[in-house]
Structures are given as C-alpha cells and as structure tokens.
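Please find the structures below.
Shared between the two complexes below is subunit A, which pairs with subunit B and subunit C, respectively.
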Partner chain A sequence: MRLEETLLFAGLAVILRLFVVGRVRLWGLLAVSTLALYWFQPLNLVRYLDFWLPTFTLFLISVSWFLITPPNRRNEKINLFTALFLVVTMVLIAATRYIGVQGLITASRPPPILPVVLAITVVGGGYFILCRQKRLPTWSSSIAIFFLLVLFVVIKYPLLADYIGNWLRLASGQTAKAGTHIDIRWLGFSYIAFRLIHTLRDHQNGRMAEVNFREYIIYVIFFPSLAAGPIERVERFLKGLRNPENSVPTDFAIGGKRIAVGLFKKFVIADSLSLFALNSTNVTQVKSVEWSWVMVYAYALLIYFDFSGYTDIAIGLGRLMGINLPENFNKPYVKSNLTQFWNNWHITLTQWFRAYFFNPLTRKLSRSAAFSSPVSIILITQVATMILIGLWHGISVSFVIWGLWHGLGLFLNNRWSEWTRPYMKNLESQPWFFNLAGLAGIFLTFNYVALGWVWFVLPDPDVAFGFLMHLLGIG
Partner chain B sequence: MTEEIFQALSQYIAKDILKQPNRKISHDEPLLSSGLIDSFHLVDLAIFVEDEFGVRIDDSELNSSTFDSLDQLVSLISDRKR
Partner chain C sequence: MYTWRFLGRVVLKAAALFVLFNAAFAAGDLPSVLSQISGYNYIFPGRSRFPFGENQQKAYNLSLNNLNAMFASHEFLDKRNGDSEYRVILLGDSSVWGTLLTPDQTLSGQLNEMRLRYCDGREMRFYNLGYPTLSLTKDVMILAEAMKYKPDMVIWLVTLESFVRQNQVESPLVANNLDRVRELSHRFQLEIDTPLILTESNFIDRTIIGRRRDLADLIRLQLFGVMWAATGIDQEYPETYSPAQRDLESDEGYYDLRPSEISTDGLAFDVISAGFKIVKDLPVVLVNEPMLISNGKNSDIRYNFYYPRWAYDGYRKILDDYSRENYLNYYDAWNLISIDEFTNSAIHLTPKGTAQFAQKLKEILADFSCP
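What follows is the complex of A and B.
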C-alpha cells in the first residue's frame, strides 16, 4: 500500500464509519473491500490477469462458503443479494474498460465485457444449481483444501509459475515469453488461502461459526488485512463486524494514532534502513566485515519496521471501522529466547501453523506407539513446522534453509530450557543473575535471528553461505 | 468436583511438565502467556485432559485466548463435562 493509497483508504474508512451505518454498514464494507481487491491487484505480464485473479479469488471464496454452509441456509435472501451484488460489481468493473484507455480500478484495462458476462453466467449458473443440492460429502472440503494447497505450490514455485505464466500468455493471445521469468503476482493469496483453509478445517471439525455469505466475503478480503495480514480467526472477526465494541471517538483516536505510527515506521524508518540494508545487490559490493554486520542488523530492523509498520496501518484502518484486528508483533527483538521470539513475531501466522499443523502432528506422534521418545517428536514437529513456514514465503532452497535454521534453533532452545530448568529453580533467589541471563538471551536471540535473515534475503544459498562465512571472518 | 480437577491438573503440570513436584501453582497464575508451558507441553496437557476427564480441547483452541490460568482451564473442563 503506497502512502497516498493508505490515506485514501483511511478516508474511505472514516466515511464508512460515520455515514454508512445501520443496515447498510456491511454493504459498505463489502463494496470497499471488493473494490480494494481489484484496486490493489498488481499488473501481471499476462493480459487481463489483473482482472481475472481477483475475480477468481471471489470464486474461491464463494466455493468455500458454499462448502461450510448448511444447505438450508444457502438460499437465504441475504446470501442471494450478496451473490447479485458480486455479479453487478464484477460487471461494472469490467465495464470501466469503455471509460478510458488506462485501467480505472484495475491495473490495466479490463477484458471486453462479453467474455466476462459469459464466464459469470456459466460459473454463476453452475454455482446456483449446486446451491440447490443437498449436503455434500465431507471429503469435498478436503478436496477444496488440497486444491488451495496445489494453487499455493503453483504460485510459490518459480518454475511452475513460469510454466503456467507462459501457458496463460498463449491462452490470452500473447506470445509465450520462453526464458523470461513470469512472476504471477496474486494479491494477498497467501493470506486469503490460509483464511479459507482455516474455515474449511474448522467446518470439518464441527467448530465453524455460522456466517452468511456477505460476512464471509468481508472476513476473507477485509481490505486493511487483505495484502499482508494479520490472519484473524473468523469467530473473533465476526464479533467486531457485527457489533463494534468502542465508540467512534475512541476508535478514531486509537486508529489514527496506529496509522500515524505505522506510516512513520514504514515510510521513514524502514525506507531509510533500506538504503544500506543487506540485499542481493550490495552483498557482492561490500568488503568490510564491520559494514557487513551493519547491513545484516539494518536488514533485521528493516524487515521488522516495514512489516510491523504495515500491521500498525492495517490495525489502525480496521479500528477506524470499529473492527479490532489481532496484533501480529509484540517486541519480538527483545525476547530472551527463540521460542519467545516466535511467540511474538508474525503472531497470527505462527498461531495458524500451530493450530492446523504443529498441534495435530504433535498429538498424532505423541499418541503413536512408534514415537516413544518426546525428544524425537519435538525435533520432527519443530523442524517440519518451521520448514513449512519457510516454504509459505516461497518455494526455494533458501527458504527451506531459513526454516531449518529456526527449526533447529527452536529445538536447541527447547533442550537447553529443559536441561537448565532444575538449576534455574535454585537461582530464583538471585535477581541479578536472572537479569544478566535475560540480557545475554536477548543478545543471542537477536543475533541468531539476524543471521537467519541472511538466508531469507539472499535468494542464492551459495552467496548466503559465503556471506555468513565472511561475517564470521572465515573466507 | 472443580477442586479435584484443579488438584489433578496442578499435580500433573508440576510433576510431569515442570519436573518440580513440590511447585505450587496458583489458581490465576498465567501458564501460557508467561511461557511456563511451551507449545509441546501444551499438547501433552491437552492429551492429559482428554484421557483423564474425557474432554477434548481442539488443536485450534490450544492458545492463551482459550485458557491461560488453571482456573480458566478448570472451568472449561467443567463446562464441557456437563
């Protein structure tokens, strides 16, 4: 989100809170969120993809909602109106093609209106017929989750993304740009997919709150958290959506302050740090070991200020509209061990992985007779979870190593805590010792995390390894 | 009844998780947000609750917003046993 876009959407949020109230409030939120879905979708090298990807996002959301909703609730009036609202919005956005040469809402000119109407009629008609069906088998949600994961792999794996990108270029009448990297940029897909999987899994476990179509779409594409989270849980989101907790002056004061803090973090601090933070260009230029450390620390601070600044803006925008989004960061760099760091860094993502991967896997292995040793369970679950978190950022060797770095770090941290626990008990009466150990822990944790960022920021693992050796004065 | 649940949980946490059998855990002591119980032991605790009291705490509920203190865990178990 650029500076002027943040201000524009903050203005829209204020208008919504003040003037779009009562029965039209949720329609207003739906309209602005749908608009933002198309507005923020970046341009792709494939023609019309900046229109079709947000449209496909809405389709995926519709299918997920269909799967989690009991058949007798699907055809309620509010849900039919929402479907109609979506269709009209899509057609109107496509119609902006005829207003100007450039895209008015989308990044480029939308496709001609005829194929859009045709696609909506076919898909919408099929969807409408499906809605009249009785209950679907329980495995249909599993298929949907599998499909979302496959899409995830396609988008995040550069080779597959290239292949699909070329194929899409051919399909849209362009020449396939063989050999040219075609990055399929799909706004917020990582976050959208995780929200959908969360609701599908909770539905399978019988824990999904009842939600109508309009509320569900707003939940998945709520514009403040659309592009980069937080990944809120649906039941928590619905509470604020249905009944804003605080008064308008309170929300405006707190929301406004959060946005100002976020803008400062992102556009002043992070942008300044980016001038000398480690990246794949300056890594080959710097020779001094001291400057190399400065660049690593600068990157560690840059990624924190950039991401937490973005989260501040998202939380602030949500607050302007009376919705409390969850926190994503809680002073992660001043935690005394790696476990505490991960409890306080990108909190909603780690909670997601805990709920849907780590906890079920740990429970399964603990119950399994084949795994009698808790230590091996800790190693397997910790490393597997962190590698998956790495892959969530992109499917590459570098992200796997970054995940492994943290997985092993967490395992060692766990073993150390277990080993020192009895000794710590005897030292409880010595506060100076605790303070000293805490400071040493913060120093070690920050440096371990900072060195881990080298794998994260440099796409070539050989270069990253060479740079780490250089930092340590080897080679 | 709730006192029995409290005692059973408190003993399990002190003996099997913290490895300090004589450690007293107060009713409102934060267990998760303070880092006293880490994510592995939290799953162990959920398995203990399931085996001992027949109450399932779902994987997505294992966080401090569901329960943080023993009192909160005891009332969650009592509610679900009804």
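What follows is the complex of A and C.
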C-alpha cells in the first residue's frame, strides 16, 4: 500500500464508519473490500490477469464458503443477495474497460465483458448443480485444502510459476518468450489461503462458527489486512464485524494514532534503512567487515519496521471501521531467547502454524511408537515447522536453510532452558544475575536472528554462506 | 474512552503546532545549519567527489543542490589532513568529476597516485571539486566556497560550453543557489540573466513543506554514507554505454551566436575574471580541457557533438589572448588525447586517457617554483 493509497483508504474507512451505518454497514464494507481486492492487485505481464486473479480469489472464497456452510443455509436471502452483489460488481469492474480511462480500478484495462459474463454463467451453473446435492462428501474440504496448497506451490516455486506464466501468456495470445515467474503476482494470496485453510480445517474439526456469505467474504478480503495480514481467526473477527466494541471517537483516536505510527515506521524508518540495508546487489560490492555488519543490522531493522509498520496501518484502518485486528508484533528484538522471539514476531502466522501444523504433528508423533523420545519429537516438530514457514516465503534452498537455522535455534534454546533450569532456580535470589543474563540473551537472540536474515535476503546460498564467513572475518 | 471533544482538541493542537513549526522554520536559517551537520569525515570517510547521481539505488548517491552539504560530505573538509599537505583543488565539469570513472581513475585520483611533492617538501594532495554541468558560474560558486577551506592552488579546467552565457544559470546547482549567484553578481558585476537572479523565494518555499525535498535529500545523503564507506561506489557503472558521436550533423550553428559574439564580451569571461579575483594571490592553472576531435562524417565542419569548428577555433584564440594579456598560467590541452580514449561524451575520458592527461599536468606543475 502506497502512502497516498493508505490516506485514501483511511478516508474511506472514516466515511464508512460515520455515514454507512446500520443495515448498510456490512454492504459498505463488502463493497470497499471487493474494490480494494481489484485495486491493489498489481499489474501482471499476462494480459487481463490483474482482473482474473482477484476474480479467481472471489471464486475460491465462494467455493470455500460453500463447503463450510450447511446445505439448508446456503440459499438464504442474504447469501443470494451477496452472490448477486458480487456478480454485479465484477461486471461493473469489467465494464470500466469501455469508459476509456486506463486502469480506473484494475491495474490495466479489464477483459471484454463477454468472457466475464460467460465465466460467471459457468460458475453460476456449477453452483446451481452443487446446490442440488444435499450433502457433499466429507473429503471435499480436504480436496479444497489440497488445491489451495497446490496453488501455493505453483506460485512460490519459480520453475512452476515460470511454466504456468508461459502457458497463461500463450493462452492469452501473447508470446511466451518473455515470461518469468514474476508474471503471476497475486495480491495477498498467501494470507487469503491461510484464512481459507483455517476455516476449512475448523469446519472439518467441527469448530467453525456459523457465518453468512457476506461476512465470510469480508473476513477473507478485509482490505486493511489483505496484502500482509494479520491473519485473524474468523470467530474473533465476526465479533467486531457484527458489533463494534468501542465508541467512534475512541476508535478514531486509537486507529488514527496507529496509522500515524505505522506510516512513520514504514515510510520514514524502513524506507531510510532500505538505502543501505543488505541486498543481493550490494552484497557483492561491500568491502569492509564492519560496515557489512551495519548493513545486516539495517536489514534486520528494515524488515521489522516495514512489516510492523504495515501491521500498524492495517490495525489502525481496521480500528477506524470498528474492527479490532490482532497484534502481529510485540517488541520481538528485545526478547531474551529465540522462543520468545517467535512468540512475538509475526504472531498470527506462528499461531496459525502452531494450530494447524506444529500441534497436530506433535500429537501424531507422540502417539507414534517410532518416536519414544520427547527430545526427538521436539527436534522434528520445531525444525519441520520452521522449514515450512521458510517455504511459505518461497520454495528455494535459501528459505529451507533459513527455516533450518531457526528450527535448530529453537531446539537448542529448548535444550538450554531445560539444562539450565535447576541452576537458575538456585540463582533466584540474585536479581542482578537475571538482569545480566536477560541482556546477554537479548544480544545473542538479536544477533542470531539478524544473521539468519542473511539466508533470507540473499537468494543464492553460496553467496549467503560466503557473506557470513566475511562477517566473521573468514575468507 | 475518548470523546469528540478530545479528538477536536488533538486536531486543533496538531494544526497549531504544524503552522508554528513551519513558520519558525521559514523565519530562521535552520536548513543552512542542518546542512553543515554531517557524518562524513567523522563516521564515514569523506567523499572524494561531490555527491551526484541520477539512479540512487545503483549509484548509492544523489544530486542535491545544497552546496554546504556537498562540501560537508567531501574529503576536502577532513580536518585530519591538516597543514602537512599542499592542497590543490580541481574545478570543472563532469570530465573532472569523473563520469564512468571510479574515484581512483579520475584526474585527481590519478594525480594523487603520483605522490607529487611541492617544492617545499609537502605532499601535493589533489581534491576533486568538479561537478557535472557546464557553467563557469557554477565553478566560481564552488571556488568561492572552497576558499573558506584554504586551498594552496587551483587547477581550473574549462571548455567553450562552460563559457556560453545562457548555460551559466541552467546548471541546477546554480539555479537552486540563486542567493549565492546574486551575491557574486553584485560583488563582481557579472552579466548574468538578471530577472532570474532577482527572483526571491516566497514564504511557502522556505517552510518545512516547501523544503521537504531538500530536507529529505540531506538525510538521504547521510544514509548513503554507509554505502560509500562500505563499497566505495558513488556512481552507477553501466555495463555498456553509447559512445560519443563520431558522425556529426552538418550543422554549423552554435547556439544563436554569430562569429563576432565569440569574444570576451559575448562569452562569460567576466565570470572567469571573477574567479581570479576570488583566489587573489593563489596560484591558478587554467586548462582548456581535452575534447574528442572527430574524424567521421561532417568532421570538416564540426569537431564533435558540441562544437562547430569556427566557434571552437575562435574561442581558443580569445582564451589564449586573454590568458597572455592577464599573465595567466594557461595550458591548452584541447587535442592532447586521441579519439579512442573518450567514452560517452566528447569530453569524458577513459582511465587511460585520464592518465595521459594527468601525466601532462604533472609536467606543468613541475614548472611551478616556490615563491
């Protein structure tokens, strides 16, 4: 979100809160979020993709909602109206093609209206056929989750993305020669997929709250948290959506302050740090060891201020509309060990992985006869979770190593805590020791995380390893 | 819980503070104070040439028009250099600044590499105060500021383009420092585009809002200090570039000048004279810088992209006459470098060409005797 976009959407949020109230409030939120889905979608080199990707997002959301909703609730009036609202919105956005203003809502000119209407008719027909089924097989949600994961892999794995990009270029009548994996830039897909998987899994486990189509769409594409989270749990989101907890002036005061802080973090601090933070170009140019450390620290701070600044803006915008989004960062760089760091860095992402991967895997391994030792279970679960988080950023060796770096770090931290626990008890009467140990812990944790970012920011593992050696004065 | 009343008070106070800070900023001379606060020569090594850059992300550099900040970032102001050295400053355009050359490959870099000694035994240290744009007024503005930091000698490289009257205030550095130009103009009665230099900045232009770009540039210059210290890179070095034109247009025109206007009055000789008045007794070497002499199409009527033969020949003659009449240390290097040693412009030299030029300057400097 650029600065002017943030201000524009903050203004829209204020208007929504003040003037779009009562029964029309949720329609207003749905309209703005749907428009934002198309508006924020970046330009793709594949023709019309910046229209089709948000449209496909809405399709995925519709299917997901269909799967989690009992058959007798699907045809309720509110849901049919929401479907109609979506169809009209899509057609209207496609119709901007004929206004003559380039990129009024979408990044480039939308496709002709005929294929859009055709696609809607096909999807609507499919929906009608599905509605005739009284009950869908239980594995249908699993298929949907699998499909989302496949999409994830396609987008995050450059080779596959290249292939799909080329195929899409050919399909749209373009030459495939210039195609690259960055052809498919799908705004917020990671976060949309997390929310969809969360609801599908909760539905499978019988924990899913009842939610109508309109609320579900707003939950998945709520515009402040669309591009980079936080990843809200649906039941918590619905509470604020249905009934804002605080008065308008309170939300405006707190939301406005969060937006101001976020803007400062993102557009002043992070943008300044980006001028000298480590990246794949300057890594080959740097000569001095001392300044290399400065560049690594700058990157560590850059990624924090950029991301937490964005989260502040998202939380602030949500607050303007009366919705409390969860916190994503809680001073992660001043935590005294790696476990605490991960409990306070991208909190909603780690909670998601804990709920849907780490805990189920731990339970499964604990029940398995092959893993009798709790230590090995800790090692496997922590390393596997962190590698998965690494792969979420992109399917590459560098991200695997970054995940491994943190997985092993968490395991060592766990073992160290266990080992020192008895000694620590004996030292409880020495507060100075705890303070000192805390400071040393912060120093070590920050540096461990900062060095880990080297794997994260440099796509070539050989270059990253060479640079780490350079930082240590070796080679 | 907050109330509407509370929110109203916050907005009102914020607006009042905003107006107050802007007014105070405009009333005072804070920018000139801020521009002298610099991490260069303290935290980061001083830059070996003025900040200039069009692609910030690749050059780790930027063009800013704040002369104080430019000087504060330059190694010329490094106090550690002290009295042990003989300080020679080089003035001129992008050929002195060193487009496409690393700091070591520039004229000053190569002269420093020679480790020359002045006749009293002090090591001669050459400082690159060139700046990419062709204007003698720009050079004089830099020279006037440089005099505050006690140079011992000036080498001033010029070419016909820097004498053209209409080029004098077209340099962004000049256009954005009209106060300095105005002062020079009054002091030395310069013939500079009067309406432009009479334009005073308005109140809004002096507020934080009006100067936000300048303030951001000051901060960015300091932040790029890290990259300068870490990499020693201060410009973008493209893998390929378009070589200077060899085949030329059959155009004999030079601006709108007639042959009679290629004279000390028609060209900015008053500005060069102002420069000599500023330096007073300091030794100055005036050099007509080398340029590409084309052998391609229409080279019988033009020397290169810049100059038709008639205009340049006329200029050389009057500069030579002017130097003799005023007893200046003048060297005409116009044809010193072969055509193969030019890069992307008729005045930009390759490292090898620069080395040849530096060698020639070394010989000239050897003739200087102790006073």
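Note that in this section the second predicted complex is superposed on the first by the 468 of 475 C-alpha atoms of A that agree within 3 Å, B and C clash if a C-alpha of one lies under 4 Å from a C-alpha of the other, contacts with A are read in each partner's own complex, and residues count from 1 in each chain.
Methods note: a contact is a pair of C-beta atoms (placed from the backbone, for glycine too) under 8 Å apart; a residue touches a chain by one contact, two chains touch by 3 or more.
Quick caveat, the model's predicted, so the values are computed rather than measured.
Once the two complexes are laid over each other on the shared chain, residue contacts for A:205 go to subunit B alone; subunit C is not touched. Residue by residue along subunit A, subunit B and subunit C are tallied for touches, and B comes out ahead.
Shared-chain residue A:2: touches no atom of subunit B or subunit C.
Using the contact criterion defined above for the overlaid structures, shared-chain residue A:287 touches subunit C, although it does not reach subunit B. In the superposition on chain A, contact of A:23 is made with neither subunit B nor subunit C. Within the superposed three-chain model, A:275 lies in touch with subunit C and out of touch with subunit B [touch as defined at top]. In the superposed model, A:355 lies in contact with subunit B only, and not with subunit C. By the touch criterion defined above, A:343 lies against subunit B but remains apart from subunit C after alignment on the C-alpha atoms of chain A. Per the touch definition, subunit A reaches subunit B in the complex via residues 198, 201-202, 205, 207, 233, 339-340, 343, 351, 354-356, 358-360, 362-363, 366-367, 374, 377-378, 381, 414, 417, 421-422, 425. Those residues of subunit A whose C-beta lies close enough to touch subunit C in the complex are 246-247, 249-250, 252-254, 272, 275-276, 281-282, 285-288, 291-292, 294-295, 298. Within the complex formed with subunit A, the residues of subunit C that make contact are 1-4, 6-7, 10, 56, 58, 60, 219-220, 223-224, 226-227, 229-233.
Note for the complex: subunit B touches subunit A at residues 18-20, 35, 38-40, 42-44, 46-47, 58-60, 62-63.
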